[in-house]
Amino acid sequence: MFSIRRHPVFFVVLFAPALLLVGGLMLFPIVNGIRLSFTNASPLRAETRFVGVENFIYLFEDPRFWEVLGNTVYICGLSTIFCTILGLVVALLLDSGIRFVGFFRAAVFQVWVVPWIVIAILWGWLFNDEWGIVNQFLRSTGIIEGQMAWMFEPKLAPWVVIFAYSWRAVPFVMVIALAALQGIPKEVNEAAEIDGAGYLNRLRHITLPLLQNILLVAALLEAVRFLQEVTIPLVLTQGGPIGATNVLSLFTYKAAFTEWDFGLASAAGTVWLLFVIVFAGVYNRFLLRKSA
Amino acid sequence: MANVQTRNIKKKYGSVEVLHGIDLEIEDKEFVALVGPSGCGKSTLLRIIAGLEEHSGGDVLIGGETVSDLTPKDRDIAMVFQSYALYPHKNVYENLAFTLRMRNTPKGEIDTKVRAAAEALNLTDYLDRAPAQLSGGQRQRVAMGRALVRKPKVFLFDEPLSNLDAKLRVEMRTEIRRLHQDLNATSIYVTHDQVEAMTMADRIVVLHDGDIIQVGKPMELYDAPATTFVASFIGSPQMNLFEGNLDAAGGHFHVSTGSSIRLGKQYRSEASVTLGIRPDDLELDASDAADIQGKIRVVEHTGGETLVFVDTPFGPLCVRAPARSQARVGDITGVKIDRERLHMFDASGLRMSAGGA
Amino acid sequence: MSVSAPILRRRANQAALYLSVCTLVLIMLIPIGWMLSTSFKPLRDVFQTPPQWIPDEITFKNYVAQFNEVLGTLMLNSMIVAVGAAVLATFVGAMTAYGISRFRFKGGALLMLFFMGSLAFPVPLLMISLYSLFVKLGLLNTYAALILGHTAVTIPVSIWLLKNFFDQLPREVEEAAYVDGASPLKVFLFVVLPMARPALAASAIFVFVVSWNELLFGLTFTSTTDMRPLPAGITLVFLQEFEGAWSEMMALAVMVSIPVLILFFFFQKTFLRGVTAGAVKG
Amino acid sequence: MKYLYSSVLALTMATTIPQMSAAEDVVYSGWLGTYSYLEPVAGKMEEKFEANNPGVDFIRQDVPFEKALDQATVAHLGGNASDLIHLIPGWVPALQAIGGLAPLDDLFTDEELAQIPDAALEALRFEDGKLYALPWVPGPVMMFYNRNLLEQAGFDPDKPPTTWDELKEMIMGVCALPAGDDGKIYGLALRSWSNPNAVQWSIPWIYGFGGDVVDGDGNIKFNTPETRAAYSWLQDISTSGCAPDGFSVGETRNLMASGKAGFILEGPWGRGLFNNLSENTIKTGADGDIWVAPLPNAPDGSHRTIGNSHVIAISSASKNKELAAEFVKLILFDQDITDTYFELSDQVSTPSAALLAQGPMGADEFTQKFVEELQVYNESPIKHPKFYAILDQVVPEYQRILKGADIESSLETADKQIERLLSR
């Protein structure tokens, strides 16, 4: 509507603050971070030296770093899948013509604003060995006897994190899916119903294909958010037991700000960035395009 | 003096040129309508005159001075939009006052002008209302009022009536025309509705695919359309057009089925031409004097007149018959042609003048 | 009068539907319910088997115990930072979104891609350089460091939400104002911003919630209690002292959630509309 | 627009101007105030310090124990370090390495320093020969045991174990007691959660078996026969379910305070802690509910324990080093303060041998038990800036061992990880 030639000052004014903020506080740090990943930078050292790919070699020679990568994919991947499926199911149920949709939606969405720190505290209580409601429930149904040390079993602890992540993200996916569902013209489904398609057929041939892209985008957003999330592993599980919940975000944060090894942390962060770029590229290429 | 001129206006979106060099002269105090089908560039041209779009080449002049580099604010124009474009968060009074406030008009003066405009448009009782509380016609009047509080040099209308129902549209037509006469400002009016253009404008500019096809008074366009496009665009029901050829002498028109018709005038001989006849210039004629015979396919009674669609050897033909015409579907009838009022277009669709060698 | 079989079946279907919706919603809300329930129990009742949902004895002692200076300071800090970030990110976001939406220029889409892509930048990696940057600027341990940090990481979403909103907003109103003599800046301030209130609110709420939640910046960029925001403060000050005092811990958790829950309770319609419009159309 | 500009300006100013502080501030940061029962001590110190130095404002920054090092580092690097920093010996090298600590030799007189045992001072002296922190609250670690549980399990509560086999037998015995209303009873309240502190708390066991984690050449080494023996002993207890799964320091203390654990390792602060946690329902005394005993001797008959002491240091950035030193003198050598600290917290509140032998501490049986152990205690053996990172390398292996993994290979992995870390 406006042309740059006619309103050059306004154009600059509109973009300058955001570019300054994002450029100064995100782009510069990321570029600088990549640069640091080739140095041995550390506040504990007076001199910073260029070390080439030493940090990366150090990382990839460390079996624990591979475990961290595995944990990250496992926890973030499963959480994304669960929250997407659950969010979709809740949305489908809410969109099935029942009343009080607004009320249910609002009730579920409250979960989305519960602060992570609260979830960290709360999950510690829910999954407490002795008095946690989860174990009490499992005991009362006879699934387990005695105690189940959710936080001390390397096989169980990731699930505590996964439950927290999925729980917190379901409302977001639900709201997006519900909005997309409500955006599908009624006539399309009515036509299919007249054509003789039952609920499952309509779901499979009409609803899901129409929802596919928006769901995939929501899932990607959630996956990226899970990658960033650090409160639960940092406060609740501290990366344990036996490193089972040590994820990339925690690893990078600890390398930088408890070990003060900026070079190594930057290398881990760079690996993370590359991973995201490659993943988003593949995702875009093989999942989104098809249905677009 | 507030004449409006465009000189060789070009507009490109990327590599696509949508206006191919528009030259237009609009006199002071003139009411000009820009018509054409959607996508012809008429709105773009108006927006270029308004300064909302930048042109890729050429010049816009208002009152003899180039305004190409001026923002709308400095062109002293007013514009009425199709969707009314009222400020939803301001009441009617504030909507009307906004433009004056933007020009730092003193408070007292704003009040006087707003109240005068509201008076003129019968909006005085609604000044405190929000746009959402108004009817379509009232909103339209607020939109007009917003334009006229300022007494600008040029009024621009971008399809202002297309969101109204048919009855209101007719009312507003006269109202806009009356306002134009009261204000004596130059007005440019964009519409895709040729009836609006015919009834309101002093002059009509027909645009097609980014070019001006014809400029003229309404009846000039009606009587002497410059191209087949104008011929079919102006006038309702639209002109009957037949493709065929002229004989060597130029006095007869032949169609591919073999039928022919004698013309009232002499044209230069052409292999491929289009013959146009307005439904008004045809008459159902049961007598032997009829020029063409055909079978009635459809009869439409519109109340004031009857449209009779006849299948003839030349092709389907629409005839405007009197209101109480007895024509019945299936009847064989004759059609009489007013030979003086035939239109002939050459292969490229341009109007041919009679008597050419 | 007997009811026909199809009608019965439909009613059964309906009942099953409501039942499953209610069950799912309840499951979602169990953690919150349990948090509330525990927070009103005296500590000794917390360790009961089987667990009691409605406490025998309701006590507010756990909440009263939280009213101390430290929590007050932390709340105030978080409030200042979250409001600051919400205002800044939303206003700057609106400017950028408006620019992308209304200026015709090459690279608008690229710019958008850059902003959205920056969401995936690893935050700990950013923090390394931000840390040194804030040290140099003398911003460490100030509200400004947190506000700027939170603004930077939330501004892409703010831009995205608002751009989608602006894209859907009919331009004619702005064009009318422009023709009426308003400069683009005035069009933006006096016509667009008032019309964009729902989207601005959605963006502000989003930024507020994210900021209220944020832990790492708070841990790293502040070093004194009088600057620390809630999540960092709780991690640093409260968790150790409370080991085992679950009822008090739950009361603390409830109190930390209350501001965002209240905010959300009042604005959820606006927020959901803003978010879904942005998300689905975008 | 006018209002917009001015409010933006006001906002910017309000958020960027750092807290203005008067020149005569002395800021302490540490975990004194994060324990409510220690708060009155801090209050008393503040009161007396401000009375001694009129016009000076004493400000306390509360940082929990686990985050104290990180926060002190952040504060120093960010240029707003506190004048006084409360630490443990293991952290001193890290802060010293970034130049965060002021040398103390010139701030204190020889007579003042002479009151402190040389061994304690040596632990805080660095390669440059300078002293960077002073011992404050010495913390030799001993065994606390629940006399009631021992009795219930058929042992004589007046005869604490003196050998490792006896100790194990008692732990197993207590562990076999039936669960009470509020949960299972553990033999040993062992810390094993995913935090470097868990490994730090395992060093007393290693000492107890006659080992160390630093060899004669100063290399850090966990894979030694003594450590293997100690961890194997712990593994037996853990795998038989007699130690809780992954409990933190706080959780183990709760276990002990609620009478649900037979044994726990604590320093002299234990009595105050358990009093506080149990709301004074548990009495610590030779004839009470809980009493203390030294860890058993090593197989070769030697006896040594670790000190998880507190130290106090002065920031290199402090503008008032003299004033800060005044505060240190007050808390270390003022009998009024040390006695109050002791009375309110039950801590051995001064390193000064003279003060420990007189007043209420001199008369207290519990305290004198710890004073005895002061003869055989060492501070944290690892003097390295990456103290926590080193322990962090051991944490997963330690947890693995407690779950029954092969000890030798786990410790070998740990050593290899440490070596890798230190090679950077």
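Each chain gets a letter, A, B, C and D, in the order it is written, and its residues are counted from 1.
As a working rule, a contact is a pair of C-beta atoms (placed from the backbone, for glycine too) under 8 Å apart; a residue touches a chain by one contact, two chains touch by 3 or more.
Remember, predicted model here, so these are calculated numbers, not experimental data.
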**Prompt:** Across all chain pairs, which one has the most C-beta contacts?
**Reply:** A-C
**Request:** Using mean Cα positions as chain centres, tell me which chain lies farthest from chain D.
**Result:** B
**Asked** Roughly how far is chain B from chain C, going centre to centre by Cα mean, in whole Å?
**Response** 54
**Prompt:** CA centre of chain A versus CA centre of chain D: separation in Å?
**Reply:** 37
**Prompt:** What whole-Å value do you get for the distance between chain B and chain D if each is reduced to the mean of its CA atoms?
**Reply:** 91
**Message:** Centroid from C-alpha atoms only, then distance chain C to chain D, rounded to Å. What do you get?
**Reply:** 39
**Message:** Two-or-more-chain contact residues of chain B, please, as numbers and ranges.
**Reply:** 52, 71
**Request:** Enumerate the residues of chain D that touch no fewer than two other chains.
**Result:** 70, 74, 77, 183
**Asked** For chain C, which residues are shared contacts with two or more other chains?
**Response** 47, 131, 175, 178, 183, 219-220, 235, 239
**Message:** For this structure, enumerate the chain pairs that meet the touch criterion.
**Reply:** A-B, A-C, A-D, B-C, C-D
**Asked** Can you name the residues of chain D that touch chain C in the complex?
**Response** 1, 11-12, 14-19, 29, 34-36, 61-67, 70-71, 74-75, 77-80, 182-183, 248, 250-251, 253-254, 277
**Request:** Would you tell me which residues of chain A are touching chain B in their complex?
**Result:** 1, 3, 5-7
**Fill in**
Note: in the complex, chain B contacts chain A through residues 52, 54, 69, 71
**Complex contacts: residues of chain C adjacent to chain A** = 14, 17-18, 20-21, 24-25, 28-32, 34-35, 38, 46-47, 49-51, 92-93, 95-96, 98-99, 102-105, 111, 114-115, 117-131, 133, 148-149, 151-153, 155-156, 159, 171, 174-175, 178, 183-185, 188, 209, 212-213, 215-216, 219-220, 230-231, 234-235, 239, 246, 249-250, 252-253, 256-257, 260-261, 263-264, 268, 272, 275-277, 279-280
**Request:** Could you please specify the touching residues of chain C with respect to chain D in the complex?
**Result:** 47, 70, 80, 84, 87, 131, 134-135, 138-144, 147, 189, 219-221, 223-227, 235-237, 239-241, 243-244
